[in-house]
Every structure is written in structure tokens, then in C-alpha cells.
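So, here come the structures, one by one.
You will see chain A twice below: alongside chain B first, and alongside chain C after that.
After this line comes the complex of A and B, so read on.
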């Protein structure tokens, strides 16, 4: 008996050792497998971003200077441009939620076959060139465009409405382009919610509205936040749509970066704008993380 | 030892020049109908006549030249540039000085070449109007462009500073020849900006490209716009109700430059001389309504009086216009651009 117990003890110890070394090996193997990805992240993300920071401190004459940042403080236009950028991003995200959330909810309640059909209609515009869609809006919304002509023929309004070359047009175009980015994660999150919870809520006497707000909605928030955050961050760096539909009156940071490169013929001036945008975005993420558990988003689903 | 070394280097250099004797050149332009016109009128016939093998590329402008020169990987021999960007690139040391012993500019319209860039075509920044709104006799001056009582309707104006301040001052009553004197101070620039602020409620679009202002006018999105004459001509040819005038317009030009360290510098000079000759330049208006820079091109008989009437550089039209002052742009453009941006974001 004693002999066997010593035997098992030794066996356990050697097993544990074996397991440990296996584990270490496993870890190295995993690391080896992920190293190409890590290397890529290093080469295409970290180094260029570091370079961006470095270049932003180089003045027009090639020496270290803070002039690129000073300019942003002394010139009023920069503060306004950042303000417009965040304003457009927030409004676009808000409108996307208003339109996208009910649609995702509707789709999540459909039988799978119909839901997939709906999903295709959501994705279809996603596969069309962004430029084509943006110009299509220009054609539709302009003074003698389809929308204004129909509206006036039907007597809905007398004077052509200013639907494009301003904030209206920018928002319409951007919401259209960003919508799938919101709908997909929200829909995914909603699909993962166990229907039995709602049945249980009904069973306990909750009205449908109450069951929705106390059970379904909180469970769908991780998907909603993931989608909203994605839309918001994509909006911050958006260029094509505001440039075409904004009529030169909605100026975002990305557009200013382009004109700074053309004007100052100096990467530093443009890099500094990129750095400030990056830092502000990080701050927004940090503030968001105070209210939302960001790691939930990557978890997908509602659990 | 040193001598033999330098001799070997010299021999090596000669060998490479000998190798380069296949006489080929790379030219970069902006693509589209513009490069097509240049290609048909200038590059292809000149290549055929000189036996130089010309390769064409499309590029994004001086920023590309900067990248090539700074990294020491210069592949372009000749680039097309706006006069203003060329002046700034030259100040930055990105361009080779041109050899005017080789390039003959004796018959050029004065002011259309500089030490680093030789003019290739002339264009104008004009005001255009919708003939459905105002008829054929639309605004005849910048003051009319600003006069929203006499010409009610929406305007489009440039979203960048180049060519945007001069019209405002002329509308404010500054005589054409004094425009750049007035602009040579921050107060003068502010005066022009105030004039634009005055018109601002009626400006529905600040345009950023030639394609854009042409589309705005052709589709009747705005009733009046500033812009480039060739684009408005194309919009009119495309069925748009668009007219423009050369009165008080801004006369500007595009030019050819050689990037610093271009591989075939000598050959580039030779080719630039060839395409500056009137017999090539007089063909350019067949493809695009930009005028030649060589005054003799108007005398070969290829350009008819009807065509000359719509070209910016024909003597009658040129006399009505204010030539762009490159020195002013070199000195003031960045400051003015910042102030313009402040005005735009208000």
C-alpha cells in the first residue's frame, strides 16, 4: 500500500513535470504561430505610429520644434475642425443607432431564412463602391435632384430644400455608409440572446415592453456598444463622403490633413493633426471604458 | 592613384551615359483629358520627331517629386506642375534649374517661364454663370459676381486660397494692377476675406476640384461659380447652360519642370525645347481649351480666330486679365491659407 502510494506520488510528480514542460512547449508553439501576426502588427502599426509621433515634432526647416502643435492652438480653425469632426461622428453614430437598432431587432425576431434575406439587403450596399454610393447621393439630393423634384411635384415643399453641400448631406451619406457596421454586431448580439429569458419574464408577469427594456435591451447592449464605437471611430477619420457631400463647408480633420500636406509640403504639419486625433480618440475610448466594459464587446454575444 | 580612380569613375560614368543612349525619358502629368491633350499635341509628335522614347506616367503632384528627391530615387525626368507649386518646389530645392541655352523661350508670352519651370499651357480662373438664370449677358465683372441684388442666386467659390482673394479685392473696388500690393499685408488679406464673408450667405458650395465646379454648373446646382475656363467650356460642350467671361479673370499657367537629380537631365532639356515650339503648341487647343505659352503658336494659322477667342492666352483675352503673381504666392500663400481656413470654418 505504502509502496504504491510512493509510486503514485512519484508518478504524479513526474506527470506534473511533464505537464509543465508540455505547457511551456505549447506556449512557445502558440507564440511561434502568432508571431507572424505580432510581427505584422509591429511593422504596420507600431512602427508607423511611432514614426508619426516623431515626424509631428519636426518643423518646416527639418529641426525639432513644436510649431506644428503651436499652430493648432493659435489658429482658431483647428479647434473648430476638431469640434466639427466629433460633432459629425456623434450625430452619425446617434442616427445609426436610431435607425439600426430597431432594424436589427426586427431582423432578430424573424425566422432565420427571412432574417438572412434581410441581412443580404443590409450587406448589398456594403459591397458597392463607397465613391459610387456617395456620388449617387449627390445626384439624388442636389437642387435639381430626384428628391427635390419629386417633393416639389408632389407639392410637399415649394422651394428646393438644401439637402446636400452642407451638414444634412454629410450626415445622410455617412449614416448610409456606416449603418451596416452598426447593424451587424447588434444583430449578432441579439441572435445570441436566449429567447427563454423573455419567456421567463412573460411568465413572471412582465408586459412585452417591460420584458424588452429590463431583459432584452440590457443583454443587447454589448453588441450595441461594439457597433456604436466602431461607427464612431470610423467616422473620426472619414474623408470621401464629407469631402463630396459637405460642399466644402463641413471640414473634418482628415480633410485638413490633406490640405496641410498640399500647403505646407511638410509631413510634420499633417502628422501633428493625426497625433492629436489619435490622442483624442484614445481619450474617448478611455471615457467609454469608464461606463462600458470594453472587453465585453470583443466577447461578441450577450453572455 | 587618385587620378586613376577618378579616371575609372569617369570611364564608368561615360559607360553609363553610353548605355543611356537609347534616349528615353519619363514624363509625369495629371492624367485625364488634360494629359490626353498634352500627349496628342505635344509628347507623341515631339517624341516621333526627336527619336526620344517617351514614357508617360500619371502622378499626384509635387509631393511625389519631394518623396523621390528626398529618398534619392528619382525616376521622373519631366513633371507637369502648377506655376505656384513649381515656385514653392524650386524654393525648396526640389527642381533642377532649366537650361535656357537649350530651351528657346524668346517668343514666349512674357512671365510664362521661370528659372525652374517653363510654361506649357495657359488657363484662367474665371467667373461663370448659368445662362438659364441670367441669359447670355450675365455678370461682367467681379463686382457683378458679388452683386446679389442685380444677380440673385447661389454662388460657388473656391475652398482653397489660391485664386480666391484677388477677385474679392477687385469686387471691393481695388484696381487690377494694385491687387497684389494690397494683398501684401495681413490687413489686405483680411480685407479680401471680409469681402468673401459678405458674399458667404449666398455661397452654397466651396469647391475643391475642377471636376466639381464643372458638375455644379452643368447640373444647375449653383447659378454662378468661379473656376477654370477649360472646365466650363467642357461643361458647356456637354450641354450645360454655362457661360464665362475673361474680364478681370486671373491668368495662370501650368509648366514643365525637371526634378533634382533626374536621370536624363540633358535629354529632358532637349525635349522641353522641342515641345515649347509653336508647331506643337498650336495643336493643344484642338484637345483642350488651354492656350499656348509660345506667342508664335497664334501665328502658324492652325489656331483660327474663333478658337483664339476662347483661349486665355490670346492677345485680346490676355489683355483683360490679371496675371498671377508667383512672388506673392511664394511669400504669402501659407499665411493667407491659414487665414482663409479660419474664415471657412467660422
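After this line comes the complex of A and C, so read on.
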């Protein structure tokens, strides 16, 4: 009797152990399903980035040096490029919030059917080629473009305005391209807000404006943060639109990296700029991650 | 009409009339989101060297100049090939990864997830010059393989996020039921899980296609020689002057995108009616 009970106990224990190791194996096997994707990230992103990091510390004579970073500090032109990049990114993000937040609010107030219809106007540009949209603005904003023509016909201004190949054009194009990235998470966040809170606020005597600013707006900030962060990060590394609409007058970090390689074939300088850009991006993300769940950034955009 | 202006517009006491400014600015914003892109379409049918609106005389000469140019045709076929291959490579790889991360409960999952979405966070320029270097070493610079691999890298985060969020709302017990009835895991996945996340998989595939088809910066560095992509050629043409041929190509690209989006919407509607039915 006693012997058999010990036997079954041992059997149970070894069974349990077997099950546990089976489960662990199964988990690893499932995890292994992501290995092809991870391998691509490793080979095409992580290893080359690591190499760029290494190259950024190699000077013109081929030995270890900090000259690539020194240049960034000592040369005024580099400081200006970083300043422009931040200025453009901040302005674009700010304008996107000013334009996008009211639209997201408007859509969040509509019945779902109508809201989905309006959402198409946000998704359509989101899906349309970046290059095509940039080109459209180039055509619209040029000297004899539609905007200038209409503006002068309506008597808003007499001389053709310089709307493109400068900061104006860059900002107009970038705001247009970034708007969906802001609107989608903001709208998603607003939809999730329980309308009963507003009813309660109104019931307790809050004016519509007060109900909005003390109840609705604070509840919509996580979505707003997420969208604004996404826009800001994308702006920091943006290349195509500023390169075309800026006409060489607005030089961002990404454009300097490209010309360092295409014109000067200076990998050290390009890598150092790249490393600084990456570090800045990561710093922004890291600081933001303390205020907002990063998953939210992608929540709306990937619809 | 007057009654509508005075009627309450939300849970608070605000009326539609008081919110008129919101409606007006929102409609203007929506028009500005969509219209600028579409203005290219009528312009592409202009006969003039200068893009004018509305065109004085209509013609299809810019379409002819596109279709008759061996250079543009080659670039178009390169882009379509790369986009199709990217879709075919990135979708299964990404869906597998999303499923693996969802089903496995290892503690390292978060790191793996973050790694898989880094291509979205890292500035594209950096990916481009990194890939350029890596491809010189791997001797796949200016090849289709290289282009597809780099575009797959960009598409993976989208596939993982879209499919992953669909899996989150899917009840894995259904698959477990099939497995307890003797189906191997792959079969349970293919016959039970996959049909239910079909919509997300289709959308991820379309997004992967578009990601590759639209991509400019990476293609600038690693597509060249005999294999430049359409967007690379367009970008170079745009830097020089405003060639109306670009308007005709843009129009065709808008048509393509709209068609793909319609497919996605229809797939979504089919998916939803099935869910509710």
C-alpha cells in the first residue's frame, strides 16, 4: 500500500515535470515562429546600425577619432540644421494638433455611420502615395499655381506669394501628410470616452465649455499625446517632402545625411549625424514613454 | 432648419447653432485633406506643358509619354514586382511572428515585440544607409532580393501590429478546442484561426504592398543600375522640374491606391457581416 502511493506520487511528480518541460518547449517553439521576422530586423536593421555607430568614430585618416562629433558642435551650419529640424517638427506637430483635434472631435460626436464616412477622408490620404501628395502640393503652390491664381483673383493678395521651395511649402506639405497620423489615435481615444461623464457634468450645472475643458479634454489627452508623439518622431527623420517642397532652403538632418553620402561620400560624418538623430528620437520616445503607453501610438494608425 | 440650429448637439446643453464653427472648420479640413491630391487628375489630361487648371485643351499626351517611355515602363515593372514580392514575403512572416508572440507566453515577448516594431521608429534615412552598407558586404546591392528584403523590414511592423490587434480580440480557446479534438496546431491555425483574422491579414498584405510601392528613401540608395523603382525615378524628376508626365503617373497611382482601399473596405464589410451573422 505505502509502496504504491510513493510510486504514484513519484509518477505524478515526473509527469508534472514532463508537462512543464513540454510546455516550455512549446512556448519556445511558438516563439520561434517570430524568428524569420526577427532575423530580418537583425540583419538589415540592427547590425548595419551598429556598424554606422562604429564608423561614426572613425576619422578621415582611418583611425579612431571624435572629429565627426566635434564638427557637429563647432560648425555653425550643423547647429542650424538641428535647430531647423526641431523647429519644423514642433511647428508641424503644433499645426497638426490645431487642425486635427477639432476634426477628430467633430467625428467623435457623429453617429458611427457618419463618422465612418468622414473617416474615409482621413484614410484616403493616409493610403495615397506620399510622393503623389507632395507633387500635388508642388503643383498647387508654385508661382503660377492654383492657390496663387485663386488668391489673386479673389483679391486676397496682389503679387504671387512665394509658397513653395521654402519654409511655407515645407510646412504645408508636412502638415497635410502628418494629419492622419494625429487624427486617427486622437479619434480612437475620443470614441472610447464614456459620454455619461459629460451628461453628469451637464447635470451638475457645468456649462458646455466647462464640461468640455474639465471632463472631455483631459480624457482625450492620452490619444492626443500618442498622436502628437508619432507626428513629432516621424517629422524628425522626414526626408521626401522637405527635400522637394523646401527647394534646398530648408535643410533637415535627414537631408544632410543624404547629401553627406551622395555628394561628399563622407560616411563618418553621415553616420555621426545618423547616430545623433537616432539618439534624439530614442530620447523623445523614452521621455514620452513615461507619460503615455507607446502601444497607443500605433493603435489608431494601423487601421 | 431654424429648429435644428437651436436643438441640443451633445450631452451638454450646447446647440448645433453654437457649434456651427466646428462643423464649418471640420468640413473645410476634410476637403483640404482629400482635394489637393485629386487636383492632379484633371491636370494630367492637359495639353499644355505647364500644369494648368482647368486645362485649356485636353489631351492624353502625358499618358502617351509615360507608356511610350521604356525607362518609365521598366521602373514601373520593377516597383510592381518589388511590391508584390514584399507583400508575399512580409505578410506570412509578419503573421507568423504576430501569432507566435500572441500564443507563446515567454517573458521575453515584450523585447521581441519592440524589436519588431523598431523599423517604424528608426528614421528611414538611417535604415537606407545601413542597408546600403550591408548590401555591399552581402553583394546584393541593386538587386531585387535586396530591395524586397529592405521593404519587408519596413512592412513587418505594420503586419505585426494589424494582425496582432486582430488576434487580441480573437478567442484562442476555439483553436484549443480544435487541438483537443486532435487537430495538429498548424491545422488548427489554418482552419480555425486564420479564417477569423482573414480581414486583418488582407489589410496587412495591402499595407505591405503599398509600403513597398511608395517607398522612396531606401530605394534611392539600394535600387539602381537596371532596377530603379518608379518612386526613385519620380523623385529624381521632381527635384529637377515639374514634368507633367509625373501628373499622369500620379493619377494612375491614385487609381491604384483607391482600388486597393476599396478592396480593404469590402473585405472589412464582408468580415463584419460574417461576425454579426
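What we mean here is this: the second predicted complex is superposed on the first by the 229 of 303 C-alpha atoms of A that agree within 3 Å, B and C clash if a C-alpha of one lies under 4 Å from a C-alpha of the other, contacts with A are read in each partner's own complex, and residues count from 1 in each chain.
Criterion: a contact is a pair of C-beta atoms (placed from the backbone, for glycine too) under 8 Å apart; a residue touches a chain by one contact, two chains touch by 3 or more.
The structure displayed is predicted, hence computed values, not measured ones.
Asks: Could you tell me if A:77 is touching chain B, chain C, both of them or neither one (first, second, both, neither)?
Replies: Only chain B is touched by A:77; chain C is not.
Asks: Please work out whether A:249 is in contact with chain B alone, chain C alone, both, or neither, and reply first, second, both or neither.
Replies: In the superposed model, A:249 contacts chain B only, not chain C.
Asks: Who does A:52 touch here: chain B (first), chain C (second), both, or neither?
Replies: After superposing on A, A:52 lies in contact with chain C but is clear of chain B.
Asks: Determine, under the contact definition given at the top, whether A:142 touches first (chain B), second (chain C), both, or neither.
Replies: In the superposition, A:142 contacts both chain B and chain C.
Asks: I'd like to know which partner A:259 touches here: chain B for first, chain C for second, both or neither.
Replies: first
Asks: Compare chain B and chain C by how many residues of chain A each one touches, and report the one with more.
Replies: C
Asks: Applying the touch criterion given at the start, work out whether A:192 contacts chain B, chain C, both or neither, answering first, second, both or neither.
Replies: A:192 contacts neither chain B nor chain C.
Asks: For A:91, is the partner it touches chain B (first), chain C (second), both, or none of the two (neither)?
Replies: In the superposition, A:91 contacts neither chain B nor chain C.
Asks: Could you look at A:288 and tell me whether it touches chain B, chain C, both or neither (first, second, both, neither)?
Replies: Neither chain B nor chain C is touched by A:288.
Asks: Taking the two structures together, which residues of chain A meet both chain B and chain C?
Replies: 142, 144, 243, 261
Asks: For chain C, which residues are in contact with chain A within the complex?
Replies: Interface residues on chain C, with respect to chain A: 9-14, 18, 22-23, 25-26, 29-30, 32-34, 36-37, 39-40, 43, 50-53, 93-94, 96-101, 103-106, 108-109, 112, 115-127, 129-134, 149-150, 152-153, 156-158, 160-162, 165, 207, 210, 213-214, 216-217, 220-221, 231, 234-235, 238-239, 242, 246-247, 250, 253-254, 257-258, 260-261.
Asks: Please give the residue numbers of chain A that touch chain B in the complex, ascending.
Replies: Against chain B, the touching part of chain A is residues 71, 75-77, 80-81, 84, 142-144, 162, 165-166, 243, 247-249, 251, 256, 259, 261-265.
Asks: List the residues on chain B that touch chain A in their complex, please.
Replies: Touch list, chain B to chain A: 61-63, 66, 88-89, 92, 154, 159-160, 204-208, 219-221, 333-334, 337-338, 341-342, 344-346.
Asks: In their shared complex, at which residues does chain A touch chain C?
Replies: 27-28, 30-34, 36-38, 40-41, 43-49, 51-52, 99-100, 102-103, 105-107, 109, 118, 121-125, 127-140, 142, 144, 146, 176, 179-180, 195-196, 198-199, 201-202, 206-208, 211-212, 233, 236-237, 239-240, 243-244, 254, 257-258, 261, 267, 270-271, 274, 277-278, 281-282, 285, 298-299, 302
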